[in-house]
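Right, one structure below, let's go through it.
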Amino acid sequence: MTDAETKDGVIRVTVWNENIHESNGDELVNRLYPDGIHGAIADGLRSLLGDKITVRVALLQEPENGLPQEVVDSTDVLLWWGHIGHDQVADDVVDRVHSAVHAGMGILVLHSGHFSKIFKRLMGTTCSLKWRNDGERELVWTISPKHPIADGVPSPIVIPEQEMYGEFFDIPVPEESIFLSTFAGGEVFRSGVTYTRGRGKVFYFSPGDQEFPVYHHPDIRRVLANAVRWAAPIGPRLELTADRHELGWFEA
Amino acid sequence: MTDAETKDGVIRVTVWNENIHESNGDELVNRLYPDGIHGAIADGLRSLLGDKITVRVALLQEPENGLPQEVVDSTDVLLWWGHIGHDQVADDVVDRVHSAVHAGMGILVLHSGHFSKIFKRLMGTTCSLKWRNDGERELVWTISPKHPIADGVPSPIVIPEQEMYGEFFDIPVPEESIFLSTFAGGEVFRSGVTYTRGRGKVFYFSPGDQEFPVYHHPDIRRVLANAVRWAAPIGPRLELTADRHELGWFEA
Amino acid sequence: MTDAETKDGVIRVTVWNENIHESNGDELVNRLYPDGIHGAIADGLRSLLGDKITVRVALLQEPENGLPQEVVDSTDVLLWWGHIGHDQVADDVVDRVHSAVHAGMGILVLHSGHFSKIFKRLMGTTCSLKWRNDGERELVWTISPKHPIADGVPSPIVIPEQEMYGEFFDIPVPEESIFLSTFAGGEVFRSGVTYTRGRGKVFYFSPGDQEFPVYHHPDIRRVLANAVRWAAPIGPRLELTADRHELGWFEA
Amino acid sequence: MTDAETKDGVIRVTVWNENIHESNGDELVNRLYPDGIHGAIADGLRSLLGDKITVRVALLQEPENGLPQEVVDSTDVLLWWGHIGHDQVADDVVDRVHSAVHAGMGILVLHSGHFSKIFKRLMGTTCSLKWRNDGERELVWTISPKHPIADGVPSPIVIPEQEMYGEFFDIPVPEESIFLSTFAGGEVFRSGVTYTRGRGKVFYFSPGDQEFPVYHHPDIRRVLANAVRWAAPIGPRLELTADRHELGWFEA
């Protein structure tokens, strides 16, 4: 079936990870994330959302990069974590995910996913930014306190050590700007922003790196859980096409 | 040279046209546009902007689809008209134009250009819409009266006969919505909208069809002339890349 | 108590009406709305939202214009219908409602309420528009199909007879534009728009007039019911003040 | 005359200052701003814009708070600096300025002017914020590099000592967010934002305090000069009223 659940039902979540640092035996990453970054993210969602969701994991190394048509068709919200393997994702997989977002699937793009094929295609920009990896303190401030993604989240979230991502971040003007981050070095970053693409909702959230235990942070987990609920589609998935419109059918 | 002129200088305009209806000997199109759609657009710009601009024409049938690197490098604002030949534009030409917009080139996408490769790539959506070609009256209303693109433009512009383009138009939420059109059949369309992509400005404007003399309409010419001035880059073209940011250089 | 219910609880709705046409014995209005415009609106909400809400009515003619502090304090979402009695609303009542919106109360401003004191104060603009009351067909088109306020609403909604409200509508650029209306005369209007003011959500919706049975229209009722759920506050009401921020409390 | 000059002509600027710190003999302020804060601002504009503008000063202590009808009528762009005297501005003066903005006058609200009557009225929110005056380093980052207000401005602007203004800043979602500031204490602030109100443009810019020489800073002067040009009205001032719209006048 291709119909997504409505938001009153159970949300079917798929956590995608390129899983390269993990499978390459990176000691630091394996210590921080013994079940993989995907495992930590999935665990956080399960613990906060319980039976409101079902969670699957999909990995780059699997057939069709873990995202065959039937997986995409049965995913309400997809989380995307990638870093050094963006080019290894097949173009037709990106096409498939792109079309699913247009038709209503929600997507959460995380951290270094800003340079993934799917995010650049959704944004239409270079998605470049400034960065520096010196393990600095990041503060994540809420500037849209009524937004459901910020519900129950302190302002600021304090992340003791993080990679710095800074402006200018080359993204389209966000529809909603929910979080702004500052770093010990003085930089600023639009760290939590939303878009609509077709019938699908998009949330980009920058905190989260393979070298820091960010996905175990309770406030970060709260943001991701909130975002899954926010991004869940309303109504069935619908393909958008150019249609001839007949005159007169809207007469009373 | 790759530097674009600043807006205080002369704006270098390139009008691109797929030029298929014209070169196929379509009688109606040739009667309405004896110098091609590109000729009518270029003529309107020259008559309104005079020596504030230089205008070139570029056509699909030319080498590299009329847009070799040196043409793109020396274009401040590109106008794009395409309809039935979108697929004939080479992907590397689209890449080149896309990168130029990111670096600061302005682009005006016209009418059926909503389905061009470059527009879909800039938007990240399907860009689909409803349509009906029954030669209906279109009214173009201004909803952002202070915007420079609306300067000197009556509200509504009255176009006696036009193809209908209707909502839902699958575009990202515009940064600025300047014009809304209604049609005799009752439909509505976001007919003049702006975006920023990187350092480049994007304006989509729907009025204009090969079967109606829309590009000879004085108010439509005014909109295009205003939009050329609005989209002209500020400052030199700049490639956006991910840079490492050094600590401390912003000390006072 | 001043805490608003969260959206997981029962939403406490107050429908405010100036109730002048009704109490002046306007025959047409009394025939269309035998229980008052407020009665029709309240009835629609009750029939669609059932025990998800409680509904009260408040009228201009009551003490403190029906909105003493305790009523405002115990209202999660306020609906506002006014037309010829805007000036009769006491300024301190407007202050009270304004502060409640800042602190998190949702507000739905309906039709001729565009000229109410509270709406002008929330917007900061003149809120003027074009109008004509010739009982024309209005079509309400959805341009944000994923928005919860548009859930289950056909596009277009067909209203056989309505007062025309047309652009230029002098409002701030909306945060979200959900509905656009066209009229038989060719005009266009931004008929469903949202804003945030402080922690409160604001929805303006233009369809609805005392001389037409618009509030009995099932699609209009659906929009209002959706909007009540959308505007319900998240978390307790919170007064916003300028605070001194202490250094260092965000250390990890 | 009430017509504002067009932006092709000379821009008539009025710098308004409450002038209380200065006239109270505050030693620090008088040392930093021997000609008043208004004097420093006016001087910066004159030195950068030369004969493109004329500059007048208006002070709270003058008749009608320095803003009689004829001054407002002949002002294209008004700059507003206030701090401890907001309540001393007469309500009818605020009404006059408010109406002028609706009709097309530009306004630049500076620093502590966030709590002025005119700004709160334009915004419709409390305009509250977090603050701390410890003379911290402020960095002002550009997030809209193509915006004319950011033209020629380094990112970041480095202000060695400033009062901290921090989020949550209770303003409506900006139309354009141009600058974000960070402070040595880790806070973030939307420090340069734009709005449209009616036909008038509004720019709020937070850097600038009576206890620091911010208005002598060359980059801050550049921002203000750019903003004056950006806010200058296009076309004559126009009162916005609700008009009956006649059928059929838009026939071709």
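Observations
We call the chains A, B, C and D, going by the order they appear; numbering starts again at 1 in every chain.
Simple rule for what comes next: contacts are C-beta pairs under 8 Å (C-beta built on N, C-alpha and C of every residue); 3 or more make two chains touch, one makes a residue touch a chain.
Because the structure is predicted, anything quoted here is derived from the model rather than measured.
Both copies, chain A and chain C, contribute mostly matching positions to the interface they share, with over half of the numbers common to the two.
Centroid distances built from C-alpha atoms place B farthest away from chain C. Chain pairs B-D and A-B differ in how many C-beta pairs they share in contact, with the greater number at A-B.
A turn of 180° superposes the CA atoms of chain A on those of chain D, with the angle given to the nearest 5. One simple way to say how far apart two chains are is to compare their mean CA positions; for chain A and chain D this gives 38 Å.
One simple way to say how far apart two chains are is to compare their mean CA positions; for chain A and chain B this gives 32 Å. Residue positions of chain B with contacts to 2 or more other chains are 137, 139, 144-145, 156, 166, 168, 173, 186-187, 196, 250.
On the chain A side of its complex with chain C, the touching residues are 104, 137, 139, 144-146, 148, 151-152, 156, 158-160, 196, 199-201, 233-235, 250-252. For chain B in complex with chain A, the residues that touch the partner chain are 102, 115, 121-126, 128-132, 134, 164, 166, 168, 170, 172-173, 175, 185-187, 195-198, 240-248, 250. Within the complex, the chain B residues that touch chain C are 137, 139, 141-145, 155-156, 166-169, 173, 176-177, 180-182, 184, 186-188, 190.
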